[in-house]
Amino acid sequence: MTERKNYTASELLAVMSARILKDGQIVFAGVGIPLLAATLAQGVHAPGLTILFEGGVIGPFVVPGELPPSTNEQRCTRRANMVLPITDVLLLLQRGYIDVGFMGGAQIDRYGNLNSSYIGDPEKPAIRLPGTGGGNDISSLTQMIVAMKHEKRRFVNKVDFITSPGFIDGGSSRADSGLIAGGMFRVVTDLAILAFDDDTKEMKVLALHPGVDPDEVRDNTGFDITIPDNVGRTDPPQKNELAVLRNLDPERLYTA
Amino acid sequence: MMAEETLVLPHLELRRRTAERDRGLREKVMSLEEAASFVSDGDHVALGGCTMSRTPTAMIWALVRAKKKNLVVSRSIMSSEGEVLYGSGISNHVITSWFSQGIVWGVSKVMRHYTESGEARFDEWSHMSIGLRYRAGAMGIPYMPVRSMIGSGVNERLGDEVKEVICPFTDERLLALPALNPDVALIHVQRADAYGNAQLDGLQFMDIDIAMAANRVILTTEQIVSNDSIRRRPDHTRIPFFTVDAVVEVPYGSAPHECYGVYEPFFDHMDTLAEQTKKDPEAGIKKYLDDFYYGPSSWSGYLDLLGADAIVDASRRGRSIYND
Amino acid sequence: MTERKNYTASELLAVMSARILKDGQIVFAGVGIPLLAATLAQGVHAPGLTILFEGGVIGPFVVPGELPPSTNEQRCTRRANMVLPITDVLLLLQRGYIDVGFMGGAQIDRYGNLNSSYIGDPEKPAIRLPGTGGGNDISSLTQMIVAMKHEKRRFVNKVDFITSPGFIDGGSSRADSGLIAGGMFRVVTDLAILAFDDDTKEMKVLALHPGVDPDEVRDNTGFDITIPDNVGRTDPPQKNELAVLRNLDPERLYTA
Amino acid sequence: MMAEETLVLPHLELRRRTAERDRGLREKVMSLEEAASFVSDGDHVALGGCTMSRTPTAMIWALVRAKKKNLVVSRSIMSSEGEVLYGSGISNHVITSWFSQGIVWGVSKVMRHYTESGEARFDEWSHMSIGLRYRAGAMGIPYMPVRSMIGSGVNERLGDEVKEVICPFTDERLLALPALNPDVALIHVQRADAYGNAQLDGLQFMDIDIAMAANRVILTTEQIVSNDSIRRRPDHTRIPFFTVDAVVEVPYGSAPHECYGVYEPFFDHMDTLAEQTKKDPEAGIKKYLDDFYYGPSSWSGYLDLLGADAIVDASRRGRSIYND
């Protein structure tokens, strides 16, 4: 990332994540990059995409410049089709109505497990993080997209604590544990788009972002990561994508 | 972890406690101070709302002032009211799925201080698991099967508080979540009548299940309306009177958090709290309690400290949800 | 019942049932006599009594002359405090909020079991009756009052089929079967008020209605029934009770 | 009894069917006849409403005219629509807790005729058990523990369709009810938008759980409203659009039953039906079908047969719920 770019790392994250979403999908989104990306997708290529919030909201439209501070306040309900109790909106995941769960991540490992609970030993943590929120339920019950900054301390060989399960120990271990549906689909970073091997369930690079060298990914990943020779390349963020995004977050609360 | 034998109330004991309650149609309007007497030291207290929404702030304020002790407090997601619980010492044990002031203020330094030092417990469950624990309690069943939380550290750390069960029809493995019947629920609503029939606008969170599950309910409300107006739209009632033990009229009873359609969060106040607890979390939250909890002589005094400008601003933003 | 009376058998049933209900109770009522009796109780001695209907209604007031045809139509919701889904109103029984379940009966046996499903062998019934409705749930989950006509064919030694469980085979058999709460409390007929022995759970006569001879009860009961020597006597329906009742059902749909 | 292996859909199969559905935000307004194509012979069809309330009469009318076969039909409580199912032969297998025209007309002679002769099945479950089967289906769990139905003949007759389970926390014995995920749900509402977002006034019965549990939903509605009007009161939406596959505007779509706040039951019509099926139930219901189901060329033709007087009278009574 040595070239000068006309977008921030967060904007890149939002644009690249948005492109993965498909029209007609039902997307369970967190605030921040996931919400921005899902709203961006609606504005650019997926007008029939539906956003759900864990606070109990189906099909809202975000008012530009009024991004909600969490998924549990009235700003989340603007022009929504329906609001319902938290437990019921989460049960839609269990019932199978949701195509994609989409959230940010603090720490992820080679099998896509996420940690947002403890840094260090849970019995005596160096840092107590806020915890799972809806993350555990979403990642347990549907196909996941995670958007996060690509840093070595965030991409670790094994998370200190599995808050939101990915493929656990890889292979069939997720299903063996009793999680028979869902699983990690994509991890989107400011360097690359990552996927998981069909058999081993190890993270691998699917495509590199513009100007990103494979070594840059290796250097910023805390475990050996597969980068195929024929690895893909993403197209840079387009003007219309950035324009929609900047209209949504003019104060750059989430895209600084 | 909680002793297994007290984790789920045996059904006959749950019924005995419910049968003892005066569930007849009767007025139960009282002050915050009177309502505080419904909470005993050591009680399990469930909070309605979620994060910065419909938090029963005023009732928590009254419990802090009444110097309650050893409360176990559960909520879907905890925000600054969790910091108040820890800082005031009325609870050193919370059960929730997420605990910080809010995403925009980063990780709560107060939560970190008390949990990392071991002074306080923060039992983490998945969001839906907490909801289904209340729901099982509301339904009068001792457990609820679920497909979530399995395989995670969250599950593992809960030890015997969750159990694996096998579906007798499909042989699928599921997790059994223990029913949660709180001793007391604190719920803030937009309007209720003097009997406790409550209407909730907008987001309902887990409040209905909490009210049905709890053994006592303290309702704070922006407004007390006539029973007649409730009876004109019975399909808008969300909590029935017979689950409710106290009704307290408290305008702005969720401030500095929001009450859907009435006011949005008092963001500046939240900024100040975050800033004040950043360097020395313990001193910062103590000062906050001194200023806002112990200082004022009444709830209106608390609102005075928030200031008319902030109240008007939060109200304007709150009402705007109905502007189009 | 040879004397001339200024009330019908149904009116007697309604009045005698109403007197058993207490102020402040929460009563899950069926239509017909139970609803009339509960409304009568509200009007005479129990203003704080709350009626629930299985259609999903809490605390309605019945409009005189507009008795609902079942518990599932809008007439049931007049001036109600709350309406809610069927499953949720029934769950209030399971949660333990309800003091009394109150319904009519087609056939009852010595242990208070009710049959409203089959006359004859269920595999090849002489008569297929409409079935349980909420009856099974109510009788399984709370204390019951049943109001019915006292006829030999209705008071049988053993019902053809247990639709709504009373004390099953008597003794501890109800609790042993897994029904740990609730049970039959009173049966009100046009001849007597009946209760159940604390130990054997057999039906017995608690009080006889005005002018009723013990033999009349024996002759109209299909099993040996205990009538203690010191059996009670009920007071005849009072003017104010009958007046309230006749105002509620001026066309005598349920009190003919 | 139903074969045990098909009683509860394995979770992955349930999810596969759901994933295949087009759940995007799209218009789906169509005619009764078009909507009838969403029901296949042999399907399990769940009916919304209860007894004489919000019965999806118009959709049943369309299914009868389309000569569907071997439907298994479930509902909380069945009224005259159950007689139509048996009489028309589109279903000879119903699952419900109570089946007659209504209390005031005594025991249904049509129900008796078909069940006592063995021509048709009537599987009896407790009222709450049916509701909890739909709810388990709506929640995506394979069973729901319950404290009811135990010890009764109802339970006994269901054989392996219910199972005893032990609570892993309290050791209490409970009954496990199998989840029910109907192939199709027919639900009639007061208003919905073109996408299928539905609002229900008054009594909700089991409709929300049915909609969430089913693999397809056909919504008939008194009125189609704009999506804008739905979005202005999102807390009034009861059924979300993505569960719905067809929206049909059918004024008086529940007649001769009621639609809360719009019309009460057509009592005279019900009296006539009861009278006509008293002596010879089979001939009586066939004549009823000839007159009202096969005779008219359209739903308006059906309403013509009910007559303007009856429609006005039922409407006046229906609207009166809002008179005070």
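All chains are identified by letter, namely A, B, C and D, in their written order; residue positions are counted from 1 within each chain.
In the analysis below, a residue touches a chain if its C-beta (ideal position, glycine included) is under 8 Å from a C-beta of that chain, and two chains touch if they have at least 3 such contacts.
Model, not experiment: these values are computed from the prediction.
Contact with chain A and chain B alike is made by D.
Ranking every chain by how far its Cα centroid lies from the centroid of chain A, the top place goes to C.
Remark: among chain pairs C-D and B-C, C-D carries the greater number of C-beta contacts.
Once the centre of each chain is set as its mean CA position, chain B and chain D turn out to be 38 Å apart. For this pair, chain C with chain D, the centres built from the Cα atoms lie 29 Å apart.
Spacing of chain A relative to chain C, judged by their CA centroids, is 59 angstrom. In this assembly, the C-alpha centroid of chain B lies 40 Å from the C-alpha centroid of chain C. Among the residues of chain B, those touching two or more other chains are numbered 11, 140-141, 146-147, 164, 172, 174, 202-204, 234-235, 324. The multi-chain contact residues of chain A, meaning those touching 2 or more other chains, are 57, 77, 79, 83-84, 91, 94, 180-181.
By the definition given earlier, chain contacts exist for A-B, A-D, B-C, B-D, C-D.
Contact residues of chain A toward chain B in the complex are 31-32, 54-57, 69-70, 72-79, 83-87, 90-91, 93-94, 115, 117, 122, 124-134, 136-137, 140-141, 161-165, 168, 173-174, 177-181, 253.
Interface residues of chain D facing chain C in the complex, by the touch rule stated above, are 50-53, 76-77, 96-100, 102-104, 107-108, 111-112, 115-116, 118, 122, 124, 126-129, 131-132, 134-135, 146-154, 157, 164, 172-175, 202-209, 258, 260-261, 264-265, 267, 318, 321, 324. Per the touch definition, chain C reaches chain B in the complex via residues 23-26, 48-50, 57-60, 77, 79-84, 91-92, 94-97, 99, 180-181. Against chain A, in their complex, chain D makes its touches with residues 11-12, 14-15, 18-19, 22-26, 138-141, 195, 197, 212, 227, 230-231, 234-235, 237, 240-243. Residues of chain D that touch chain B in their complex: 4, 7-8, 10-11, 140-147, 163, 165, 167-170, 172, 174, 176, 178-179, 201-204, 232, 235, 324.
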